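Letters A, B, C, D and E mark the chains as written, and numbering starts fresh at 1 in each.
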Amino acid sequence: GKNEPAPAPKADAAQELIVKIGHAAPLTGGIAHLGKDNENGARLAIEEANARNIVIDGKKVKFELLAEDDEEKPDRGPIIAQKFIDAKVAGVVGHLNSGVSIPASTVYAQAGIPMVTGSSTNPKLTEQGLKNVFRTVGRDDQQGPAIASYLATEYKPKLVAVIDDATAYGEGLGTEVEKTLTAAGIKVLPREKGSKDSRDWKAVLTKIKGKKPDAVFYGGMDATAGPLLKQGRELGIKVVFAFGDGACTNTMKDLAGDAAEGFVCSQAGIPVQAASSKFLADYKAKFNAEPIQYSPFTYDSTHVLIAAMQKANSADPAKYLPELAKISHNGASGKIEFDEKGDRKNAEMTIFMMKNGKIEPLAIIKGGASVKYEDFIKSAAATPAAPAVTAPEKK
Amino acid sequence: MTFTDKLKTNPAALWSGVVLIACALIALPFALAMAGTTWVRVTNLAILFTLLALGLNIVVGFAGLLDLGYIAFYGVGAYVYALLASPQFNLHLPFWVILPIGALAACVFGVLLGAPTLKLRGDYLAIVTLGFGEIVRIFFNNLSQPVNITNGPQGISRIDPFTIGSFSFSQNEVLLGLNFSGPIKYYYLLLLVLIAVIVINLRLEDSRIGRAWQAIREDEVAAQAMGINTTRIKLLAFAMGASFGGVAGGMFAAMQGFISPESFVLVESVMVLSMVVLGGMGNIWGVIVGALLLSFVPELLRHTVDPLQRSLFGRLIVEPEVVRMLLFGLALMLMMLFRPAGLWPSKVRQRELADE
Amino acid sequence: MLEVSGLRVSYGGINAVKGIDFAVRAGEMVTLIGANGAGKTTTLKALTGLLRPVAGAVRYNGEDIVAVPVYQRVKMGIALVPEGRGIFPRLTVEENLDMGGYVRNDVAAIRADRDHVYALFPRLAERRRQTGGTLSGGEQQMLAIGRAMMSRPRLLLLDEPSMGLAPLMVQKIFATIRAIAAEGVTIMLVEQNARLALEVCQRGYVMESGEITLHDNAQALLANPQVRRAYLGEDA
Amino acid sequence: MEIFLQQLINGLTLGSVYAVVALGYTMVYGIIQLINFAHGEVVMIGAMVAFSVIGWLAANTALPPLVIVLIGTLAAIPACVGVGYALEIFAYRRLRHAPRLAPLITAIGASIVLQQVAMMIWSRNPLGFPQIIPNTVYHLEGATITLVQIAIIVTSVLLMVGLTLVVYRTRLGVAMRATSQNAHIAGLMGVNVNQIIAATFMIGAALAAVAGVMVGSYYGIAHYTMGSLLGLKAFCAAVLGGIGNLAGAMLGGMLLGIVEALGAGYIGDFTNNVFGSNYQDVFAFLVLIGVLVFRPSGLLGERIGERA
Amino acid sequence: MSILLDARDIGKRFGGVEALSAISLTIEHGEIYGLIGPNGAGKTTFFNVLTGVYRADSGGFSFDGAPLNVSAPHQVAVAGIARTFQNIRLFANMSALENVMVGRHVRTHAGIFGAILRGAGTRAEERAIHERARALLDYVGLAARGNEIAHSLPYGDQRRLEIARALATDPKLLALDEPAAGMNATETATLRQLLERIRTDGTTLLLIEHDMKLVMGLCDRIAVLDYGRKIAEGAPAAVRKDAAVIEAYLGGELA
């Protein structure tokens, strides 16, 4: 964030309403790149909103983003949360990790501040019965079944190996995949695990190779999935590899080289590529980088917050929270509505395949049904192109 | 005559000092809350880490045993609390029952770790304790299969806060016109525990056992020749240190409401050790200073780097988190380079340094 | 050869040596005696550079060497047999001796000197493959002396070489020291066994709590009633 | 059987990587009994520099791949040596006589700084290490081994042998060992102690550079946090073998690698899948603890004949 | 007089070195028993075996009428044997007084809970430890140096402090490894008075020493070791005339 506008002159202060929105994600440590990506998404949304000269309660609104580094540490969660609350934020986008979001969420709940995460996928987050917690991203128990059923129908494996990185995310996703496969009558090998810092997967893969599975699923991030895929091919495992959203990135090509070709993976929501082309272009223009993963969701989360404020014509959390719960917003990642728990309704899931060094969407899975990507795009094109943000006057 | 000696000969000054400090400590959270409740939370976490540092100080500072797996005991305490006071097993025991159980469990783990490894010296012990810490964490992370005990990496949520009757430590309450928020209540509780732990530490240090620890640290062979059962005395250090960790862990679980194995990783052990070393191994006050400093410095940087850059350059030049980490790293180095025995070393450690 | 003037050394504020002057001529044997804690070891450490004096000058062959680092003083020909022997515990006896010859390059001559040391102390030859740390006290003392000789010093400083040695060995070591001196090496000897030291040396200095209080030739000191009472254990 | 053989190959490769990093630890530890906790970060810097140089050369020149990798390594070595020397001067030299744990803290501080600097230079992203050496796969009794794996194993053995020769056969080596046992006395023997210690650090750092290239090209990834875990594992390996002992570092590294591979490969089968590869590290640490309980100075560590 | 320590056939090897072979000796209550011999003869090794630092390869001890079964060195102190070390091993950074207080460890009892609760019993014990330690410092002539740090004491004082610390364990047998090393003749004479007084006060002494004047003047009986074997034993006058002893150890007596 290098080109923030200078603080507004004092004279405007009377008419200007400053609305602060918090964003928290790890900006240091092993997944700092994802954290920064998330922050960029939120930052982009804030700038757009400011450019639109939104008026709430008769005042011109200036949105400010307070970005914090939660270091991936659960015990930092509540502290950051409190810091936001002390700074009187109107709402929070984040956190990135479920393990941090959960302890932070109770602090937000006590203060009545809404939080919308674009990347915490652990079901538990919204199962706590808190009214202020929302997510624009799919849950592990939505995404897992999606990729698993795709594997089951497209590849018809008899035996699948499931590996995870022993994190809340990877393990949770792996468990959902396993459940779906087992339910479909497919055998699953005993779970193998690495860690979020694993680079050497040879031993695990060798063992798996000996059991001759027909497909391999890995729940974890690209930094570990890349080496896993590469080493799997080196060992001569020729079957299909599948991943969750953590490894559903183009980085996989850099990390695994030629071995990357042909893996499949899922993303919660619609693909970054499918995200409004405006988002993609703006992101690229502003940050001189491709969005990595969850930035469309944090971007949307930010917009959803703002949209709810506009609807309620108030930036007071107590007033706009009800609007947030029943929001309907066409975002970069598709249409966003929340169910009673705060989860995204009918969250789309997209299945990708690595082709020629880029992940290409294959299918969209929504409500258990699979639609070919081309068909999805066609049908989307049929309806008038969704503006990135719902106009406030449309009631 | 040292300052403390002077105080001893002047009880009036001593007591007025004590009263003054007590008042300051009692008023502190309200003062902090004015700057932001986040500072109360930061303080609470700092006190929690001070408890850990004081526990580790017994092992490292008093007995001279390098322990890189100390966070495991914190974890044991936290998990004991979480399992006995959460929907996980639908148990909701009161905290004054669980905390001692947690301390005891941690203590047992301390002995389990200590017993086979105490013959090891220096860095070999460090590695074994490191391994032990990792083993404990891996079990936390995996004991969801085949029977679900810890819920694995998903962690345990909705852990009960401390409650006495209908008085809950997590709720806001207005008393005498003052707003007692959850963090403020925990602050007082933590403060009480901290004072107890300090007293215990002070008494241990100045006791037959404390002298034996010091003797072992100085020269194990000579200590044995004096009839000190070094194995037993070292185990005692491990057990004591571990129980403090266990208590802190229980409090952490209750305050946080959610725990997962991520909170008990090696880096945390290293952090607690840094607090002990940086503050001044073996000196209780030094250790407290170290713990507070390492807890507050990153938060202070978090609050100052961004505004400072803006006021200096009008905009952000380097991302604040990068500056924060850089400054933190540099601060660690500089503090140690200029005060190698720690910021406030024990007299003994100062001598050791002067010796060379 | 060695001229010390106004030497003061302190340990963090505690003055151990309080401005002493003395001199050693080339080829001479001089002893420094004094009670425990008088500052003898401290003086020797300052001469070798292990301790940096607070004040004073140390002239060696006319050159002020106060600023010269330890390792270069060895090259200039100063060697110390330190108090407490300072054996490398995990190097073998032979490697310890080789370390003594570290500053030299003449491989053949080093080997010859090593054999010379073995001839002097057959016990070391027996233990040549054993690590230094497992030697008995006396064996370590032999090794320390042998090692110092390996650098072919011109000025040999010995700090209590007889400490912990069996009577026979003390005789042997003193004979060796004499022999070394006879080869033209200048010797400065710190010794608790004052009688023995004064018997082998030509001159002696007496040190008391950091100051040199007496200086005379050895015979005179041996006869001095004050010395006899304080250091020779006689109730004169 | 072929699975077992494959696991051994896996373990040996992993072990060789550990071994080379462990050698660096052991060198430095051997001489000043200091756990250079920033060593892993030096490895990371090595990998990063090699990443940049190799990437640039591959994109802009037509040199043969092997030459490019060699140049990359040769570029990484001075960079790491510089970092190693700087660490010695700024983080450790002043603390040589400080309490044992003081340098541990400066090392942690230095690690943080190095990581942040690397992050500023090379970004937060995991970087795909250029795969320019054709990854030829050889088949061996049903198991596979790649060219890179062979290179790693051979290099690490060569490095160990070379270092052993340096330490036990050269003047520098004896001086290093003497300094390690008693620096004051070594000075009295005419050893320039500062120089010897700095040299040791630089050798360790050069090893780290090689290790960085190895890790980068084997796993195909470089990231600014990659050093910490690797460093830690390698340190365990060094301790397992007997810290301060070169052959021990090698043996410890190999053993740790093999134990990890076999642990991941067989725990599940032996425990009826009650425990699985998730307990791989538990298994590895139990082996480590077991070894140390029975051999308190590691496998080949010199038992210090301490006299009472 | 009755037998306090009875060593039978003690043997100890280090690799190829036979440090002790079949050493048998007895020490009587109240005597001062000297152990001499050339450097490397095995004297310190004998101490280390006796005090449990090393385990004997063969043979055993009985002490005060009962077999001395030690599985850990600290039990030796419990049994009533205290020692000093050839290379002084004080708790270097503790004060002189604290060093002696540590010596009281084995005869006192306060545990963790005692320390934390600090009841009347614990406080009384602490006071007793203090008083006893002060008394012992006074006994060895260090009354004025109680608060000084052990390692900054002059050498001779450190030796004396080691003796005070050993005495604090209430030993029946006090084993001293070269207590006069590094002392000049005058200081040695003072030490001799101290040792005599300790004996008079009822503690048996086992003494390793190379200072012949001290050994011959002080000891009731002497054993001479050479290459791990006992080559002579008896009264000082007899030992100093023994040809083997002269050959191996004494040489042509010092002037």
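Assume a residue touches a chain if its C-beta (ideal position, glycine included) is under 8 Å from a C-beta of that chain, and two chains touch if they have at least 3 such contacts.
If you're wondering where the values come from, they're calculated on a predicted model, not measured in any experiment.
Fewest steps needed to get from subunit B to subunit E, stepping only to touching chains, is 1. Chains touching both subunit A and subunit B: D. Ranked by distance of CA centroids from subunit D, the top chain is E. Chain centres here are C-alpha means, and the one lying farthest from subunit B is C. A straight line joining the Cα centres of subunit A and subunit D is 37 Å long. Note on chain placement: the centre of subunit A and the centre of subunit C lie 76 Å apart, centres being C-alpha means. The geometric centre of subunit C is 30 Å away from that of subunit E, both derived from CA atoms. Subunit D has residues 116, 119, 278, 281, 306-308 in contact with two or more other chains.
Counting partner chains per residue, subunit C shows two or more touched chains at residues 11, 134.
Annotation for subunit B: residues touching 2 or more other chains are 141-142, 221, 322, 325, 349, 352. Of all the residues in subunit B, the ones that touch subunit E in their complex are 200, 203-204, 207-212, 214-215, 218-219, 221-231, 236, 240, 348-349, 351-352, 355.
On subunit C, the positions that touch subunit D within their shared complex are 48-50, 69-72, 74-75, 79-80, 82, 86, 88-91, 95, 98-100, 102-103, 131, 133-134, 147, 151.
Taken together, the subunit E residues at the contact with subunit B in this complex read 51-53, 72-78, 82-83, 85, 89-94, 98, 101-112, 114-116, 118, 122, 125-126, 129, 149, 151, 165-166, 168-169. Put simply, subunit E touches subunit C in their complex at residues 14, 17, 36-41, 44, 86-87, 152-157, 178, 181-189, 210, 212, 248-255.
Subunit B meets subunit D in the complex at residues 60, 66, 116-117, 119-124, 126-128, 130-132, 134-135, 138-139, 141-142, 146, 221, 266, 270, 273-274, 277-278, 281, 318, 322, 325-326, 328-337, 340-342, 349, 352-353, 356.
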